[in-house]
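Multiple structures follow.
In the two complexes below, chain A is the common chain; its partner is chain B in one and chain C in the other.
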Partner chain A sequence: MNIDVGAIFQIAGIGIIIAMIHTVLKQMGKEDMAHWVTVIGFVVVLFMVVRLLNDLFQEIKTIFLFQ
Partner chain B sequence: MVKLIGAILVIVSGTLFGFYQAAQFANRPKQIRAFILALQRLETEILYGFTPLADALAKIGQQLTDPLRSIFSEAARRLTDQRSSVTAQESWQLAVEEQWKHTAMKQSEKNIIYQFGFTLGTSDRNDQIKHIRLAINQLQHEETAAQHEQGRYEKMCRSLGLLAGALIVILIY
Partner chain C sequence: MEMIQMVGLGLIATVLVLIVREQKPMFAFLITTFTGIAIFLFLIGKIEAVIQVLEDLALRSGIQLVYLKTILKIIGIAYIAEFGAQIVKDAGQESIASKIELAGKVLIMVLAIPIISIIIETVIQLLPA
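Showing the complex of A and B:
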(Lines of atoms letter the chains of each structure in order from A and count residues from 1; the text may use other names and numbers.)
(Lines give C-alpha, C1' and ligand atoms only; values in the text may rest on other atoms or scores of the structure.)
Protein backbone atom coordinates (compact mmCIF):
# COMPACT_ATOMS: atom_id res chain seq x y z
CA MET A 1 0.00 0.00 0.00
CA ASN A 2 1.77 3.12 -1.20
CA ILE A 3 -0.82 5.69 -0.10
CA ASP A 4 0.03 6.52 3.48
CA VAL A 5 -2.36 7.59 6.19
CA GLY A 6 -0.93 11.11 6.05
CA ALA A 7 -3.28 12.20 3.28
CA ILE A 8 -6.30 11.37 5.42
CA PHE A 9 -4.89 13.31 8.35
CA GLN A 10 -4.13 16.21 6.04
CA ILE A 11 -7.71 16.33 4.80
CA ALA A 12 -8.99 16.09 8.37
CA GLY A 13 -6.70 18.95 9.42
CA ILE A 14 -7.89 21.13 6.54
CA GLY A 15 -11.47 20.42 7.57
CA ILE A 16 -10.83 21.43 11.17
CA ILE A 17 -8.97 24.63 10.27
CA ILE A 18 -11.59 25.65 7.70
CA ALA A 19 -14.35 25.04 10.25
CA MET A 20 -12.54 27.26 12.77
CA ILE A 21 -11.98 30.05 10.23
CA HIS A 22 -15.66 29.80 9.27
CA THR A 23 -16.71 30.14 12.91
CA VAL A 24 -14.43 33.11 13.55
CA LEU A 25 -15.58 34.95 10.43
CA LYS A 26 -19.24 34.23 11.14
CA GLN A 27 -18.95 35.50 14.71
CA MET A 28 -17.54 38.78 13.45
CA GLY A 29 -20.41 39.21 11.03
CA LYS A 30 -18.62 38.49 7.76
CA GLU A 31 -20.86 35.66 6.61
CA ASP A 32 -20.19 36.08 2.90
CA MET A 33 -16.46 35.76 3.41
CA ALA A 34 -16.99 32.73 5.67
CA HIS A 35 -18.92 30.97 2.93
CA TRP A 36 -16.23 31.72 0.36
CA VAL A 37 -13.57 30.25 2.67
CA THR A 38 -15.65 27.11 3.07
CA VAL A 39 -16.14 26.77 -0.67
CA ILE A 40 -12.42 27.21 -1.37
CA GLY A 41 -11.51 24.65 1.29
CA PHE A 42 -14.01 22.23 -0.23
CA VAL A 43 -12.49 22.67 -3.70
CA VAL A 44 -8.96 22.09 -2.39
CA VAL A 45 -10.01 18.90 -0.60
CA LEU A 46 -11.90 17.80 -3.71
CA PHE A 47 -8.72 18.12 -5.78
CA MET A 48 -6.82 15.96 -3.29
CA VAL A 49 -9.56 13.32 -3.33
CA VAL A 50 -9.63 13.32 -7.13
CA ARG A 51 -5.90 12.67 -7.19
CA LEU A 52 -6.27 9.74 -4.81
CA LEU A 53 -9.19 8.34 -6.83
CA ASN A 54 -7.08 8.60 -9.98
CA ASP A 55 -4.42 6.49 -8.26
CA LEU A 56 -7.09 3.98 -7.27
CA PHE A 57 -8.40 3.60 -10.82
CA GLN A 58 -4.88 3.23 -12.19
CA GLU A 59 -4.34 0.45 -9.68
CA ILE A 60 -7.55 -1.31 -10.70
CA LYS A 61 -6.59 -1.02 -14.37
CA THR A 62 -3.21 -2.61 -13.79
CA ILE A 63 -4.81 -5.44 -11.80
CA PHE A 64 -7.70 -6.38 -14.11
CA LEU A 65 -6.67 -5.31 -17.59
CA PHE A 66 -3.18 -6.91 -17.79
CA GLN A 67 -1.84 -4.33 -20.20
CA MET B 1 13.75 18.43 10.54
CA VAL B 2 14.03 21.19 7.92
CA LYS B 3 10.36 20.63 7.14
CA LEU B 4 9.47 21.17 10.81
CA ILE B 5 11.50 24.39 11.01
CA GLY B 6 9.78 25.68 7.87
CA ALA B 7 6.37 24.82 9.28
CA ILE B 8 7.13 26.68 12.50
CA LEU B 9 8.37 29.68 10.52
CA VAL B 10 5.20 29.80 8.43
CA ILE B 11 2.96 29.56 11.50
CA VAL B 12 4.94 32.22 13.37
CA SER B 13 4.89 34.62 10.43
CA GLY B 14 1.16 34.10 9.93
CA THR B 15 0.53 34.83 13.61
CA LEU B 16 2.74 37.91 13.53
CA PHE B 17 0.92 39.20 10.44
CA GLY B 18 -2.40 38.77 12.23
CA PHE B 19 -1.09 40.62 15.28
CA TYR B 20 0.22 43.41 13.05
CA GLN B 21 -3.18 43.83 11.42
CA ALA B 22 -4.83 43.84 14.85
CA ALA B 23 -2.36 46.51 16.00
CA GLN B 24 -3.29 48.64 12.97
CA PHE B 25 -6.95 48.41 13.99
CA ALA B 26 -6.05 49.31 17.58
CA ASN B 27 -3.81 52.24 16.60
CA ARG B 28 -6.26 53.91 14.24
CA PRO B 29 -8.61 55.46 16.87
CA LYS B 30 -5.63 56.47 19.00
CA GLN B 31 -3.98 58.30 16.14
CA ILE B 32 -7.22 60.01 15.14
CA ARG B 33 -7.64 61.15 18.75
CA ALA B 34 -4.07 62.47 18.77
CA PHE B 35 -4.70 64.29 15.49
CA ILE B 36 -7.83 65.94 16.93
CA LEU B 37 -5.84 67.13 19.95
CA ALA B 38 -3.12 68.46 17.64
CA LEU B 39 -5.67 70.39 15.59
CA GLN B 40 -7.13 71.86 18.78
CA ARG B 41 -3.65 72.97 19.79
CA LEU B 42 -3.23 74.52 16.34
CA GLU B 43 -6.51 76.37 16.90
CA THR B 44 -5.15 77.75 20.17
CA GLU B 45 -1.93 78.79 18.52
CA ILE B 46 -3.80 80.67 15.82
CA LEU B 47 -6.53 82.20 17.99
CA TYR B 48 -4.63 83.24 21.11
CA GLY B 49 -0.96 82.84 20.30
CA PHE B 50 -0.83 84.71 16.98
CA THR B 51 1.97 82.29 16.09
CA PRO B 52 3.08 82.16 12.44
CA LEU B 53 1.91 78.97 10.78
CA ALA B 54 5.36 77.41 10.30
CA ASP B 55 6.32 78.00 13.94
CA ALA B 56 2.96 76.70 15.13
CA LEU B 57 3.28 73.52 13.07
CA ALA B 58 6.84 72.92 14.28
CA LYS B 59 5.86 73.54 17.89
CA ILE B 60 2.92 71.14 17.70
CA GLY B 61 5.06 68.55 15.94
CA GLN B 62 7.54 68.56 18.80
CA GLN B 63 4.83 67.72 21.32
CA LEU B 64 3.49 64.72 19.39
CA THR B 65 4.66 61.12 19.09
CA ASP B 66 6.11 59.70 15.97
CA PRO B 67 3.77 59.02 13.04
CA LEU B 68 1.95 62.35 13.53
CA ARG B 69 5.04 64.22 14.57
CA SER B 70 6.64 63.65 11.18
CA ILE B 71 3.58 65.06 9.35
CA PHE B 72 3.66 68.31 11.30
CA SER B 73 7.45 68.64 11.30
CA GLU B 74 7.63 67.87 7.59
CA ALA B 75 4.98 70.48 6.81
CA ALA B 76 6.83 73.07 8.93
CA ARG B 77 10.15 72.18 7.31
CA ARG B 78 8.74 72.54 3.79
CA LEU B 79 7.11 75.83 4.74
CA THR B 80 10.32 77.35 6.11
CA ASP B 81 12.47 76.02 3.28
CA GLN B 82 14.02 79.08 1.61
CA ARG B 83 14.98 77.51 -1.69
CA SER B 84 11.52 76.32 -2.73
CA SER B 85 8.59 78.69 -2.65
CA VAL B 86 5.61 76.52 -1.73
CA THR B 87 2.34 77.70 -0.25
CA ALA B 88 1.02 76.46 3.08
CA GLN B 89 -1.46 74.28 1.24
CA GLU B 90 1.19 72.60 -0.87
CA SER B 91 3.55 71.99 2.01
CA TRP B 92 0.77 70.53 4.17
CA GLN B 93 -0.55 68.28 1.43
CA LEU B 94 2.91 67.11 0.38
CA ALA B 95 3.75 66.28 3.99
CA VAL B 96 0.50 64.34 4.36
CA GLU B 97 1.13 62.44 1.12
CA GLU B 98 4.65 61.56 2.14
CA GLN B 99 4.11 60.53 5.74
CA TRP B 100 0.71 58.90 5.45
CA LYS B 101 2.01 55.39 4.91
CA HIS B 102 3.57 55.37 8.37
CA THR B 103 0.24 55.89 10.09
CA ALA B 104 -2.54 53.40 10.75
CA MET B 105 -5.23 55.75 9.49
CA LYS B 106 -7.27 55.12 6.39
CA GLN B 107 -8.48 56.93 3.29
CA SER B 108 -11.44 58.72 4.86
CA GLU B 109 -9.29 60.49 7.47
CA LYS B 110 -6.77 61.29 4.77
CA ASN B 111 -9.47 62.97 2.69
CA ILE B 112 -10.55 65.11 5.64
CA ILE B 113 -7.01 66.18 6.45
CA TYR B 114 -6.22 66.74 2.78
CA GLN B 115 -9.32 68.92 2.39
CA PHE B 116 -8.28 70.84 5.49
CA GLY B 117 -5.04 71.67 3.69
CA PHE B 118 -6.89 73.65 1.01
CA THR B 119 -7.93 76.30 3.50
CA LEU B 120 -4.75 76.36 5.55
CA GLY B 121 -3.13 79.76 5.64
CA THR B 122 -5.36 81.42 3.05
CA SER B 123 -7.81 83.50 5.07
CA ASP B 124 -8.19 85.43 8.31
CA ARG B 125 -8.19 83.90 11.77
CA ASN B 126 -11.93 83.47 12.19
CA ASP B 127 -12.23 81.58 8.93
CA GLN B 128 -9.25 79.38 9.85
CA ILE B 129 -10.85 78.54 13.18
CA LYS B 130 -14.08 77.60 11.42
CA HIS B 131 -12.29 75.20 9.11
CA ILE B 132 -10.27 73.67 11.94
CA ARG B 133 -13.49 73.10 13.90
CA LEU B 134 -15.07 71.50 10.83
CA ALA B 135 -12.12 69.14 10.40
CA ILE B 136 -12.20 68.25 14.11
CA ASN B 137 -15.91 67.48 13.87
CA GLN B 138 -15.43 65.19 10.89
CA LEU B 139 -12.48 63.47 12.55
CA GLN B 140 -14.59 62.81 15.65
CA HIS B 141 -17.13 60.99 13.49
CA GLU B 142 -14.34 58.94 11.98
CA GLU B 143 -13.02 58.17 15.45
CA THR B 144 -16.27 56.61 16.62
CA ALA B 145 -16.46 54.59 13.41
CA ALA B 146 -12.86 53.44 13.92
CA GLN B 147 -13.64 52.40 17.49
CA HIS B 148 -16.54 50.27 16.29
CA GLU B 149 -14.30 48.65 13.71
CA GLN B 150 -11.62 47.99 16.32
CA GLY B 151 -14.11 46.18 18.56
CA ARG B 152 -15.28 44.03 15.69
CA TYR B 153 -12.10 43.16 13.84
CA GLU B 154 -9.22 43.27 16.31
CA LYS B 155 -9.75 39.83 17.83
CA MET B 156 -10.76 38.36 14.49
CA CYS B 157 -7.45 39.38 12.89
CA ARG B 158 -5.44 37.74 15.66
CA SER B 159 -7.11 34.34 15.46
CA LEU B 160 -7.33 34.53 11.67
CA GLY B 161 -3.57 35.01 11.31
CA LEU B 162 -2.78 31.92 13.36
CA LEU B 163 -5.42 29.85 11.55
CA ALA B 164 -4.22 30.93 8.10
CA GLY B 165 -0.64 29.98 9.03
CA ALA B 166 -1.80 26.56 10.23
CA LEU B 167 -3.85 26.07 7.05
CA ILE B 168 -0.88 26.86 4.79
CA VAL B 169 1.31 24.43 6.76
CA ILE B 170 -1.23 21.62 6.47
CA LEU B 171 -1.79 22.31 2.77
CA ILE B 172 1.86 22.04 1.77
CA TYR B 173 3.12 19.60 4.37
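Showing the complex of A and C:
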Protein backbone atom coordinates (compact mmCIF):
# COMPACT_ATOMS: atom_id res chain seq x y z
CA MET A 1 0.00 0.00 0.00
CA ASN A 2 1.83 3.10 -1.16
CA ILE A 3 0.87 6.36 0.46
CA ASP A 4 0.44 9.47 -1.63
CA VAL A 5 2.58 11.87 0.37
CA GLY A 6 2.18 14.41 -2.42
CA ALA A 7 -1.44 14.89 -1.43
CA ILE A 8 -0.40 16.19 1.98
CA PHE A 9 1.81 18.79 0.33
CA GLN A 10 -1.07 19.60 -2.02
CA ILE A 11 -3.40 20.26 0.89
CA ALA A 12 -0.84 22.43 2.66
CA GLY A 13 -0.17 24.33 -0.57
CA ILE A 14 -3.86 24.90 -1.19
CA GLY A 15 -4.18 26.19 2.37
CA ILE A 16 -1.32 28.66 2.03
CA ILE A 17 -2.47 29.89 -1.40
CA ILE A 18 -6.03 30.31 -0.16
CA ALA A 19 -4.70 32.31 2.77
CA MET A 20 -2.77 34.55 0.36
CA ILE A 21 -5.78 35.09 -1.88
CA HIS A 22 -7.85 35.81 1.21
CA THR A 23 -5.40 38.48 2.35
CA VAL A 24 -5.18 40.08 -1.08
CA LEU A 25 -8.94 40.19 -1.53
CA LYS A 26 -9.35 41.62 1.96
CA GLN A 27 -6.83 44.37 1.15
CA MET A 28 -8.84 45.15 -1.96
CA GLY A 29 -11.87 45.58 0.21
CA LYS A 30 -13.81 42.56 -1.04
CA GLU A 31 -14.54 40.80 2.21
CA ASP A 32 -17.38 38.63 0.94
CA MET A 33 -15.34 37.42 -2.03
CA ALA A 34 -12.52 36.49 0.33
CA HIS A 35 -14.86 34.39 2.45
CA TRP A 36 -16.23 32.59 -0.60
CA VAL A 37 -12.71 31.76 -1.73
CA THR A 38 -11.99 30.25 1.66
CA VAL A 39 -15.15 28.18 1.59
CA ILE A 40 -14.47 26.86 -1.91
CA GLY A 41 -10.90 25.92 -1.08
CA PHE A 42 -12.10 24.16 2.03
CA VAL A 43 -14.66 22.16 0.05
CA VAL A 44 -12.04 21.10 -2.50
CA VAL A 45 -9.69 19.83 0.20
CA LEU A 46 -12.60 18.23 2.04
CA PHE A 47 -13.39 16.22 -1.10
CA MET A 48 -9.83 14.87 -1.15
CA VAL A 49 -9.99 13.88 2.51
CA VAL A 50 -13.42 12.31 2.23
CA ARG A 51 -12.40 10.25 -0.79
CA LEU A 52 -9.42 8.86 1.11
CA LEU A 53 -11.66 8.22 4.13
CA ASN A 54 -14.02 6.27 1.87
CA ASP A 55 -11.10 4.13 0.71
CA LEU A 56 -10.12 3.48 4.31
CA PHE A 57 -13.62 2.45 5.34
CA GLN A 58 -14.03 0.15 2.35
CA GLU A 59 -10.73 -1.47 3.22
CA ILE A 60 -11.74 -1.94 6.85
CA LYS A 61 -15.09 -3.37 5.79
CA THR A 62 -13.50 -5.97 3.55
CA ILE A 63 -10.76 -6.96 5.98
CA PHE A 64 -12.78 -7.14 9.18
CA LEU A 65 -15.65 -9.06 7.56
CA PHE A 66 -18.37 -6.47 7.91
CA GLN A 67 -20.91 -7.56 5.37
CA MET B 1 12.54 0.81 6.06
CA GLU B 2 8.87 1.50 6.54
CA MET B 3 9.20 2.78 10.07
CA ILE B 4 11.45 5.60 8.91
CA GLN B 5 8.90 6.43 6.23
CA MET B 6 6.17 6.65 8.87
CA VAL B 7 8.23 8.90 11.14
CA GLY B 8 9.19 11.12 8.22
CA LEU B 9 5.58 11.38 7.12
CA GLY B 10 4.54 12.35 10.63
CA LEU B 11 7.25 14.97 10.99
CA ILE B 12 6.53 16.54 7.60
CA ALA B 13 2.82 16.63 8.33
CA THR B 14 3.46 18.22 11.72
CA VAL B 15 5.60 20.97 10.21
CA LEU B 16 2.99 21.63 7.52
CA VAL B 17 0.24 21.77 10.12
CA LEU B 18 2.25 24.27 12.18
CA ILE B 19 2.78 26.44 9.10
CA VAL B 20 -0.82 26.35 7.90
CA ARG B 21 -2.42 26.73 11.32
CA GLU B 22 -1.23 30.34 11.51
CA GLN B 23 -3.30 31.22 8.45
CA LYS B 24 -6.18 28.79 8.31
CA PRO B 25 -6.87 26.39 11.20
CA MET B 26 -9.41 24.45 9.10
CA PHE B 27 -6.77 23.38 6.60
CA ALA B 28 -4.47 22.33 9.42
CA PHE B 29 -7.22 20.05 10.72
CA LEU B 30 -7.71 18.56 7.27
CA ILE B 31 -3.96 17.90 6.93
CA THR B 32 -4.03 16.12 10.28
CA THR B 33 -6.97 13.99 9.22
CA PHE B 34 -5.41 13.17 5.88
CA THR B 35 -2.15 12.09 7.47
CA GLY B 36 -3.98 9.92 9.97
CA ILE B 37 -5.96 8.23 7.22
CA ALA B 38 -2.84 7.69 5.11
CA ILE B 39 -0.94 6.02 7.95
CA PHE B 40 -3.98 3.91 8.82
CA LEU B 41 -4.36 2.84 5.18
CA PHE B 42 -0.73 1.78 5.19
CA LEU B 43 -1.12 -0.18 8.42
CA ILE B 44 -4.26 -1.94 7.33
CA GLY B 45 -2.32 -3.80 4.65
CA LYS B 46 -0.12 -5.22 7.38
CA ILE B 47 -3.07 -6.07 9.60
CA GLU B 48 -4.62 -7.98 6.72
CA ALA B 49 -1.67 -10.40 6.67
CA VAL B 50 -1.94 -11.01 10.41
CA ILE B 51 -5.67 -11.62 10.15
CA GLN B 52 -5.19 -14.11 7.34
CA VAL B 53 -2.81 -16.08 9.55
CA LEU B 54 -5.41 -15.98 12.32
CA GLU B 55 -8.12 -17.24 9.98
CA ASP B 56 -5.85 -20.03 8.83
CA LEU B 57 -5.15 -21.08 12.41
CA ALA B 58 -8.85 -20.98 13.28
CA LEU B 59 -9.76 -23.11 10.27
CA ARG B 60 -7.10 -25.67 11.13
CA SER B 61 -8.02 -25.93 14.79
CA GLY B 62 -11.70 -26.33 13.95
CA ILE B 63 -13.03 -23.37 15.90
CA GLN B 64 -16.49 -22.31 14.79
CA LEU B 65 -16.25 -19.51 12.26
CA VAL B 66 -18.84 -17.42 14.12
CA TYR B 67 -16.43 -16.75 16.96
CA LEU B 68 -13.65 -15.61 14.67
CA LYS B 69 -16.00 -13.33 12.75
CA THR B 70 -17.23 -11.77 15.98
CA ILE B 71 -13.71 -11.18 17.21
CA LEU B 72 -12.65 -9.63 13.92
CA LYS B 73 -15.68 -7.34 13.94
CA ILE B 74 -14.88 -6.30 17.49
CA ILE B 75 -11.29 -5.49 16.56
CA GLY B 76 -12.50 -3.49 13.56
CA ILE B 77 -14.96 -1.51 15.67
CA ALA B 78 -12.23 -0.79 18.20
CA TYR B 79 -9.87 0.50 15.52
CA ILE B 80 -12.51 2.69 13.85
CA ALA B 81 -13.78 4.10 17.14
CA GLU B 82 -10.28 4.93 18.35
CA PHE B 83 -9.41 6.56 15.02
CA GLY B 84 -12.53 8.69 14.88
CA ALA B 85 -12.32 9.68 18.50
CA GLN B 86 -8.71 10.80 18.14
CA ILE B 87 -9.48 12.93 15.09
CA VAL B 88 -12.45 14.57 16.76
CA LYS B 89 -10.37 15.13 19.90
CA ASP B 90 -7.71 16.84 17.78
CA ALA B 91 -10.34 19.26 16.54
CA GLY B 92 -11.07 20.16 20.15
CA GLN B 93 -14.43 18.43 20.61
CA GLU B 94 -13.77 16.30 23.65
CA SER B 95 -17.42 15.55 24.36
CA ILE B 96 -18.15 14.26 20.85
CA ALA B 97 -15.00 12.14 21.04
CA SER B 98 -16.16 10.54 24.28
CA LYS B 99 -19.55 9.85 22.70
CA ILE B 100 -17.84 8.08 19.79
CA GLU B 101 -15.91 5.97 22.26
CA LEU B 102 -19.12 5.21 24.13
CA ALA B 103 -20.76 4.11 20.88
CA GLY B 104 -17.80 1.84 20.19
CA LYS B 105 -18.05 0.24 23.61
CA VAL B 106 -21.79 -0.33 23.34
CA LEU B 107 -21.54 -1.82 19.85
CA ILE B 108 -18.74 -4.14 20.98
CA MET B 109 -20.90 -5.26 23.90
CA VAL B 110 -23.82 -5.96 21.55
CA LEU B 111 -21.56 -8.07 19.34
CA ALA B 112 -20.17 -9.94 22.32
CA ILE B 113 -23.55 -10.88 23.79
CA PRO B 114 -24.06 -14.10 21.77
CA ILE B 115 -20.68 -15.40 22.93
CA ILE B 116 -21.43 -14.46 26.53
CA SER B 117 -24.77 -16.27 26.40
CA ILE B 118 -23.08 -19.37 24.98
CA ILE B 119 -20.55 -19.30 27.81
CA ILE B 120 -23.30 -18.97 30.40
CA GLU B 121 -25.26 -21.85 28.87
CA THR B 122 -22.16 -24.03 28.93
CA VAL B 123 -21.54 -23.22 32.58
CA ILE B 124 -25.15 -23.98 33.45
CA GLN B 125 -24.90 -27.35 31.70
CA LEU B 126 -21.74 -28.14 33.63
CA LEU B 127 -23.42 -27.46 36.96
CA PRO B 128 -25.10 -30.49 38.54
CA ALA B 129 -28.83 -30.09 38.46
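In this section, the second predicted complex is superposed on the first by the 65 of 67 C-alpha atoms of A that agree within 3 Å, B and C clash if a C-alpha of one lies under 4 Å from a C-alpha of the other, contacts with A are read in each partner's own complex, and residues count from 1 in each chain.
Throughout what follows, contacts are C-beta pairs under 8 Å (C-beta built on N, C-alpha and C of every residue); 3 or more make two chains touch, one makes a residue touch a chain.
A quick note: this is a predicted structure, and the numbers were derived from the prediction, not measured.
Placing chain B and chain C on a common chain A by superposition gives a fit, with no clash between them.
Taking chain A as the reference, the larger set of touched residues comes from C, when chain B and chain C are compared. Contacts of A:L53 after superposition on the shared chain: chain C is touched, whereas chain B is not.
By the document's definition of touching, of the two partners only chain B reaches A:M28; chain C does not.
In the superposition on chain A, A:I40 makes contact with neither chain B nor chain C.
In the overlay built on the shared chain, the residue A:I18 is in contact with chain B and with chain C. Here's the short version: in the overlay, chain B gets within 15 Å of chain C at its closest Cα pair. In the superposition on chain A, the residues of chain A touched by chain B in one structure and by chain C in the other are 14, 18.
Considering their complex, residues 10, 13-14, 17-18, 20-21, 24-25, 27-30, 44 of chain A touch chain B. Against chain A, the residues of chain C that register as touching in their complex are 5, 9, 12-13, 16, 19-20, 23-24, 26-28, 30-31, 33-35, 37-42, 44-45, 47-48, 51, 69, 72-73, 75-76, 79-80. Of all residues in chain A, only 1, 3-5, 7-9, 11-12, 14-16, 18-19, 22, 38, 41-42, 45-46, 48-49, 52-53, 55-57, 59-60, 63-66 touch chain C in the complex they form. Of all the residues in chain B, the ones that touch chain A in their complex are 152-153, 155-156, 159-160, 163-164, 166-167, 170-171, 173.
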